[in-house]
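Naming follows writing order (A, B, C and D), and every chain is counted from residue 1.
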């Protein structure tokens, strides 16, 4: 059976990451993330993202990270604005509402939202005390549709947030894929300035597990460790994540892995286009392609793709490349595509 | 500097565990714990603990596991009974109350509580609707004081719980150390019968991270995966924990590691007794010893012990052995003790 | 200044209600709703709504009642379906999400939703465990737009709920206005059968305060008193509400008051139509009329109307009649309308 | 049957309160507590309690008021210190924990706690991030045992709170009874200075229902109206409470009613002492008397007393006088006591 393109978290970890864990396997470390590896990793990340005075917290997963940041920032009478396609709105089994916070949705434009949409949405609430108060904007970059934000788009949202007293939080579960996209113009160092908090996803980019939450706004960082523990999210062996992020950021491995997945995805997109396959615009490692139903089901069966949207006669399905996708995998897929053209 | 005896989660993982991760590093697995490793690990655990019809869920840490089980079982007008020294009551930054559940405390007897205490406590509530309703008993085994429950003690608590319509939940962060203690008479296979749920701690017994929550009561297991996700605790790479527990239970490694820590602790206790050092009764890998203040501070500095209780002139401090503690480490400590006698 | 038409809760209470309170002012009653008045009132309500085996709970307000019923019925990974215009979605400062439950919205059709919409919405979730699980349908009758459900519409929603394992809850803040509308065909006695729970609003129909929550489904009624207390909603002097509902239902006063407000509203609507004023379809005591902006502002100023929707050139504003609205009030309004025609 | 001494909320309301409601029954008021009566009542209360810059919020009941203030002030990793006998700890069906906040208990001394106890308790936490952080002190005055705090005791607790960065909140469900006790030395005007918030109980002192929460600390008052609505506690007819408090504070009625209940209680205590009945020290309207079991049960049956503590052979039971207790009621009780002496 050919290699699957189901998602970017079906393979355990990049060998370099596991090697780093092996190297430190018998040393003794401070528990709860107070160890030297976590400190080093935090420093690398602050350097990489232009956030010298930020605080970095290592957490186990993406939904947890979203839940923790949002529940730290908001009161229960406040809400978070998100694209209707936002991960928090669709794919987290109501973790945000389950913790007590309303999500205010805006219709997405290819997975994205604009500063103007945010401004209009907030205006519609008219500061009415019987309505929830919009208090945060949540976006993901790259988005759930594989699209990315330009630096100026982020700067505009940032500007509206400052004007309207909204926190700005960027879900970076696939931040690597955004920043290494061939279409990206966002400088990593801008992230330390443009938002109150963002996270650098490890799980979907070659780590065994772990996300690095970077909080630029000291008001949100205050007491955050207690908040983590209170939500059951503090890892005793925090250094297990620290070691991984140290390895990922010491020499740029993090960006290499993301870049590689993007390059592989670009090859697939190029091939698909040549075969006349209809694909959505996505400059990152997620590819949304539309086929006749029968074909689509064959792809799903052969490559483990997820069904994305059912149009009746046709289906849109998702292919995802990962840090372990290799050219032969891509070629196999393209040969399949070539021989199943219709 | 000598090896520290601070706790049993300062070392990353046993080499066998890391080896297992390496071996599966490039294979593709189903995400979210639906993989073959997690299934195998679950089966090993159900076999080991006499729980053929239980459901097993792999989670990242102990506080999270406690929080998840308790919040699944109780309504907000119900409470959980615990020893006042219980981990949930003392050392989890109010994670249980933070999720909305009152802890009803009982004075501990060497870290333990009795069936009789539970019965009296419940009676004191008199089923008054203006008071919280006791609905669960939580114990840890081994306890926070290193003590263990006999099988008959557990059976008695189990009996009271059935009689009074209480769930019975056993925190097994250090279950291995309890079951391999030289004083233990509890059959692992009894755990599948005596309680509604228990967990098998990995973090404190040689795993990189991870706890296996075993739910015997199908009412509590219902919809548990949605509950996990809703609390932000579902790991995308669930197989990262599955692989570890598979390795730990395939050939009894889990019990070997715990046994070893206990044996090392027994050597220390024997030595301490010979030197006339005052220690609390604990048949597992935690040793609580009392010294003159000056001595105690020296131990803390040299071996990383935690201060347990301040008696003024004297301090009780805690030594913990781990799966990586070796005889030379013990000898070093005992030599130190020998040369610092007073 | 003329009488205001701002809403139906600007006047304290109908004289009969206050008289009943006076009559019982010095007698001693059981606290917490266990008194004889509350029992009698509950029986009257069960009789009136064909719910002989229901349980009735008296609460202080509508948002509280919605919050209590929903938080009793759902788990945090479950959600409640509502029209986007639903009171819980728009006008309760995120009380439902603040308690931990996602609201799943459906586009309203004149304030209403259909069984078919519900069925399609639920299907779109595909029982995916990473998404919230729809578990309840919430509607209001009369709706936030003054419209009402026919008995067959409710029966259809009820059928879909049974089929899809959804609870069905009807917000009756203005139930009286629905049931006494000239267009109504819903028998009060159907409410005891068609839904799991509904409430009979007192605050908006002549009571000092208070809502009667009727729970038909015994699973939801179980432990409800403890739930009320736990949410801070149990009134020590529960009989204060019981006495009012006893007075309201002993001789049909409840329906008389609602009917009167409807009749007054019908007069206004008739007059507005004669003057060519554009009004939305609403067969109850809320009237939504659209005027040139300048006119609208004059009405708002003179009659205390709420701005409902801003169309730019024109504004839609709301007039509400109450149990104390009298014909002279209506005439005054219509004279004003007559003299401000354009 | 003789008049019952069960509690102070078994009678609806004082005639003056109901009269005030009647007088305003047909006027139109702003909803949601923004009316002129609520404003006036707030001003009277601020004047009475020396709190010119406080904000006053009218709520429906005591548990709700406690829940609202505490949930506004604390984060979930913070806890509230209370006497073990505190109402929030014992008699609110876990409303505070149900909302997500741990209660840290201190052994009561006749229902009270001291500044020294608070200081020692806080020190025991050692600012450990794995433990809950004490962040508030809650007391009730008069206490659940009918005792009262002196002004200097409150000033000491206030001082410790300021020193240790704790909020200080006083539950005044029976504040009237404390302030009008013959043993009281606390000036009402001190309450505006000595604490961050307190409430003035109406339900237990002659109002139909309602409590006035006075927030001295602007940080806690911020956004409090949204918080009220979010918790389902905002009354549409807020003026229903405003009118009552206006009547209660316009001419000192509030204190008169409390005083009267105290005077009646003093008569009972005097009589009991003469008869050699053993009573606990309580200078307010609650009387805790201990009788042989048989006698106690007779009192319970005849006067509706609550059983307070079961000592085996003897029982302690509670008598409560109210704003409607009259001398003949007292005489009847004392005659009964006289004829049942043993």
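Everything that follows uses one rule, which is that a contact is a pair of C-beta atoms (placed from the backbone, for glycine too) under 8 Å apart; a residue touches a chain by one contact, two chains touch by 3 or more.
Source: prediction; values computed, not measured.
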Most distant chain from subunit C by Cα centroid: B
Chain pair with more C-beta contacts, C-D versus A-D: C-D
Subunit A and subunit D, separation of their C-alpha mean positions in angstrom: 51
Computed distance of Cα centres, subunit D from subunit C, in Å: 34
Overlap residues in subunit A, where contacts from two or more other chains coincide: 76-77, 92-94, 98, 129-130, 133, 226, 229-231
In the complex, subunit C residues that touch subunit A: 76-79, 90-94, 97-103, 129-132
Touching residues on subunit B, where the partner in the complex is subunit C: 32, 75-77, 129-130, 133, 223, 225-227, 229-231
Subunit D residues within the subunit C interface of the complex: 3-4, 6-7, 9-13, 15, 18, 21-22, 24-31, 60-68, 92-95, 98, 203-204, 208-209, 226, 229-237, 239-240, 243, 304, 324
